[in-house]
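Per-chain residue numbering starts at 1, and chain names A, B, C, D, E and F are given in the order in which the chains are listed.
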Amino acid sequence: MPNPGAIRPARILVINPNSSRTVTAAIDAAVAPLRLPSGPDITVTDLPEGPESISSQQDADCVVMPLARRIAEDSADAFVIACFSDPGLQTAREVAAGRPVMGIAEWGILRSLTLGERFGIVALSEGSVRRQRRMVRQMGLGERYAGSRPIEALAAETADEAIRIRLIAAARILIEHDGADAIVFGCAGMAPHRIAVERAIGRPVVEPCQQAVAAALGAVLLRAAP
Amino acid sequence: MPNPGAIRPARILVINPNSSRTVTAAIDAAVAPLRLPSGPDITVTDLPEGPESISSQQDADCVVMPLARRIAEDSADAFVIACFSDPGLQTAREVAAGRPVMGIAEWGILRSLTLGERFGIVALSEGSVRRQRRMVRQMGLGERYAGSRPIEALAAETADEAIRIRLIAAARILIEHDGADAIVFGCAGMAPHRIAVERAIGRPVVEPCQQAVAAALGAVLLRAAP
Amino acid sequence: MPNPGAIRPARILVINPNSSRTVTAAIDAAVAPLRLPSGPDITVTDLPEGPESISSQQDADCVVMPLARRIAEDSADAFVIACFSDPGLQTAREVAAGRPVMGIAEWGILRSLTLGERFGIVALSEGSVRRQRRMVRQMGLGERYAGSRPIEALAAETADEAIRIRLIAAARILIEHDGADAIVFGCAGMAPHRIAVERAIGRPVVEPCQQAVAAALGAVLLRAAP
Amino acid sequence: MPNPGAIRPARILVINPNSSRTVTAAIDAAVAPLRLPSGPDITVTDLPEGPESISSQQDADCVVMPLARRIAEDSADAFVIACFSDPGLQTAREVAAGRPVMGIAEWGILRSLTLGERFGIVALSEGSVRRQRRMVRQMGLGERYAGSRPIEALAAETADEAIRIRLIAAARILIEHDGADAIVFGCAGMAPHRIAVERAIGRPVVEPCQQAVAAALGAVLLRAAP
Amino acid sequence: MPNPGAIRPARILVINPNSSRTVTAAIDAAVAPLRLPSGPDITVTDLPEGPESISSQQDADCVVMPLARRIAEDSADAFVIACFSDPGLQTAREVAAGRPVMGIAEWGILRSLTLGERFGIVALSEGSVRRQRRMVRQMGLGERYAGSRPIEALAAETADEAIRIRLIAAARILIEHDGADAIVFGCAGMAPHRIAVERAIGRPVVEPCQQAVAAALGAVLLRAAP
Amino acid sequence: MPNPGAIRPARILVINPNSSRTVTAAIDAAVAPLRLPSGPDITVTDLPEGPESISSQQDADCVVMPLARRIAEDSADAFVIACFSDPGLQTAREVAAGRPVMGIAEWGILRSLTLGERFGIVALSEGSVRRQRRMVRQMGLGERYAGSRPIEALAAETADEAIRIRLIAAARILIEHDGADAIVFGCAGMAPHRIAVERAIGRPVVEPCQQAVAAALGAVLLRAAP
């Protein structure tokens, strides 16, 4: 009943707004369990116009118009913006003409609200921490926010084995010092470490791309629902 | 009690904590688009020990222990508590031994945060309005809450054609008077009216059972994810 | 079931929702200064159906209906629920038919607002900390809340001499690390240590049963007030 | 200057910071039910240096130092500042040397938190409304505050029979328009109308002097408590 | 690129991010009183790349990178972004290399906090209202925000005489219905009506370009301050 | 164009509410860059009736009426209350008959909101910390407040060279432990250390007298603006 045309299957387009192939591959692997034989197609792509890493507000802002154009021109049934700054989320919704657009920060954080009383975010850098504080305030979720702690790495480095120890250390400070009881990964590239960090810290860890794609999946299936 | 063997397909159990068959049928129809050939089984059931309608805090509290027992004894992979009071949600999570338990108020509200700046809830009664204010504060979402407006009906009546006009009227007051720009239905029984109300008011209307089951679907698919 | 005749003096019933006699005795001693020759009778009782200690949300939820029945059947003029989870407070108010029902967490916290800028709660366990965060949000008092710190003990142990050192340590962390300037005891059983802890830390310490019974006393005296 | 000897009974001094005898008399009558044969003496007095009515911030500020002197010089065991601006409450606590000082706005509002989800205040004037918004923010209770509505009267007029209709009208707007479900009287002079307004509107109405004196009574009885 | 030599006097560059000359002229007139014989030069310019009016989030986002380039390339000592969406404010600060960048929404709102308890914003359209709610949450100022009311006009129309009646009507609703006691103009083009609206409504009206330029003036004068 | 009479130049009166000449001199030097050849005269004075240091709430409250009288009797065009408790700010505005009155805490904090995500205050003493928490709540700015840290000094000592090391230490704790990214000096006497502390900590440091006088300057220039 969802997909009406029957010829074209429904499709979710996941856009990694930076140009790092490593990060795109990490996202692709993370969302694999959401690909169902009968379900919508899930495509992950990068944005050639994007910077290598989104470290500053300028990096986040410079991808907004390219992202909006990409969405306006694509026939996908739903979109996921796969950068934890949720760049251009509101503009993307304007140009998507009613098709769902999900942000990974948005959905990573929303899911964490159902797993604990206070979420903490493992951030890439001190600059990301400041942007996340602004974003959490904008979402109106300050009462549930324990804080963000940086690992001081670039997005493209986050898939490295060596980064895992830093992720665990940051998550532990969020729990023991800041009072978090659920952790959100603050970069799409951290995805390969979810289970390892969860086991190490003994509290839920949310991989945000998985949550945004799961939300897009739900939205696509419910498109034509009564 | 997670998924014990490869033979049994995954299963989501949706429990309507009141004993109204009309409401159970409305939920069952609402979540039908989320049933995929290859996806988890989605079963909707009522709670024989439940009251006919959950109108008071006492009604909500009296189903908590029966609900918890039902969940502890069932081998489902995920659960949805399909009453907008989210009765016993935290206790259910304690007894579910790691299996996801989703509340419909929780997920109806979380989804609405991605559709507008301020959500409004169409409530059954003035008493529900007060409980919803308490619930929204407990969720820490007061900054995004425009308010609740009652239609003064019982849960079992909400599927009636005649109730639609009252739903539309309440939604309009929420938008025009209280500043809502997304509407959440405050009772599982209102499900059949979602599209009609959305068309009438020109703003998104969220049916909460659909959202909680979609969230359970995502959680089940991601169970074993890295 | 209000005060039926002139013969019976007014009566406040304090219910300890767990079945620990040690805790009941501690409460009884704590509220003794509020017993006046001409004032209402103050009776402290336990709840035989209650668990030995209220450590989980399930423990708190399982006493709600027994508590509600006890209140509905008793002719007391006011009630105090003497467990820091304030279990069933709203349902108790519904069944009390207009007679005051006071929660000890509620009144311990409200009193602390008049003694400092930010209150901290000495909690039994890490699990209680999470429930308290939820409760403080539900009360809408997050702006005044410094945090909770656990002593990792059972309710029945709290009256022990040996526990005092842990209470003082937790209170000190709340003050020095979390910025509290008033302390609330997060369990009825901690009552015997109030003065000792207050002297040790040099800031006000609130024993919540005393505050809830004092509030019930005021409410009973003002019952018939113009 | 705490309770010096066994001969003198405990005493609560209630200070009306304006010089209106009508208001002082209204307070005296309101707190009469809290005078117990064996309880502390409760004396109500005005402040000769005070203005006739406290309408502006200047009126409130000009009584602070006289109030502080009165408290420093008096041997009472507890004090109540009986003006809804709670003028000089923090300074009064500094000079009271450990003896409790209660504000009527503070305690009227705290009590209302236990009677409903959102309190509304019947204010004297538009100027009072603004001061009350500031006060509620300072208390950190904005999440529970429905609003204030003015009756445009002077303190000394509030005891008049004719003012009752205005109190009821303002309370009704607070409930029906602003979403209050408990009402607090915003001036000590309104005390004689409490029951009449409560009956007219069908929701709890709090007389703040009664609550502050009840709180002082509890504090005095618990002074020497363990 | 700070002040390179002693010859060039200090300069503040005010950028109207839309391409409407009418709006640029209105801003220029509004900030004239801040031009001092000995003070910094104040230049007002439009952004040729900007849209005619900033009505959608897309309009706001599309000027961010052109604005950032303009700022990076200009040798001014301080910048004002003269659009009430404060587009690109954070990115502008990153590229300004330590030179102050002020947003008009930011400073219009901050000034209003010193003129009343709750500010209301006269908005161009319903879409602006939603963006303003998001912006106020991001600023963390929700407790002081009465709301926004739209006049349904384009930026370029706002200088018209005929628009004044709508500004007054919107301001009155903000005061009488939403509880504002200070008004902020939500578009640079409304500047010519400030005094007329202030007189009509009897409460302070803030013209945001004046406030942002005044703030830039202060920042420039204090640049080299100890 | 501002001052229409041309005979008397516009004048801003900055009142240090304590009687410490050292503090008055520090303020005078701090605001010197805001004195323009063509600008308003800026006079800094102390309050002979004031205490030597404002350490307690009583100290703050005792200067309110003398300050109000000083303002009522002076013909200045704008006033700055140069004590970080902002004593009597609202009363001062009432008596100033429409002339601007600026508080240094108010403007120091507002300016910091444009320099970082969360401000921290270097306070004189633990008692000041508590008053600042109350003040920040009253301003409704809790979401942006990282905290206050005391240096345990008197106002008159703050200009000493030796105090600088304590200011830097407190600022560092605010940044590293409490999550501040902009610092506000919590006493007028700290002014001489602004640049030194800013350099030492690498984040913006706000001297509040400069900000309040800059705001007064803007308000005076815009007095007669359209």
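As a convention for this text, contacts are C-beta pairs under 8 Å (C-beta built on N, C-alpha and C of every residue); 3 or more make two chains touch, one makes a residue touch a chain.
Here the structure is a predicted model, which is why all the values come from computation and not from measurement.
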- Query: In the chain contact graph, what is the shortest path length, in steps, from subunit A to subunit E?
  - Reply: 1
- Any chains in contact with both subunit A and subunit F? C, E
- Note on the structure: Co-neighbours of subunit C and subunit D resolve to B, F
- Interface composition of copies subunit E and subunit F: same or different, split at half: same
- Same-interface partner of A-E, chosen from the options B-C, C-D or A-F, over half of the pairs matching: B-C
- Message: I'd like to verify one number: the distance from the centre of subunit B to the centre of subunit E, where each centre is the average of its C-alpha atoms, in whole angstrom.
- Response: 43
- Message: Suppose each chain is reduced to the average of its Cα coordinates; what separation in Å results between subunit D and subunit F?
- Response: 33
- Using mean CA coordinates as chain centres, what's the subunit C-subunit E distance in Å? 52
- Message: Counting only residues that touch at least two other chains, what does the list for subunit A look like?
- Response: 134, 137, 139-140, 142-143
- Message: With touch defined as at the top, which chains are paired up in contact here?
- Response: A-B, A-C, A-E, A-F, B-C, B-D, B-E, C-D, C-F, D-E, D-F, E-F
- Message: Taking the touch rule as given, give the residues of subunit A at its contact with subunit B in the complex, in rising order.
- Response: 1-2, 29-30, 32-34, 36-39, 102, 106-107, 110-111, 113-114, 139-144, 191-192, 194-195, 207, 210-211, 214-215, 217-219, 221-222, 224-226
- Query: Taking the complex as given, what residues does subunit F use to touch subunit A?
  - Reply: 116-118, 143, 179, 181
- Query: Tell me, which parts of subunit C touch subunit B in their complex?
  - Reply: 56-58, 61-62, 64-65, 68, 88, 90-91, 94-95, 131, 134, 137-140, 142
- For subunit F, which residues count as touching subunit C in their complex? 130, 133-134, 137, 142, 147
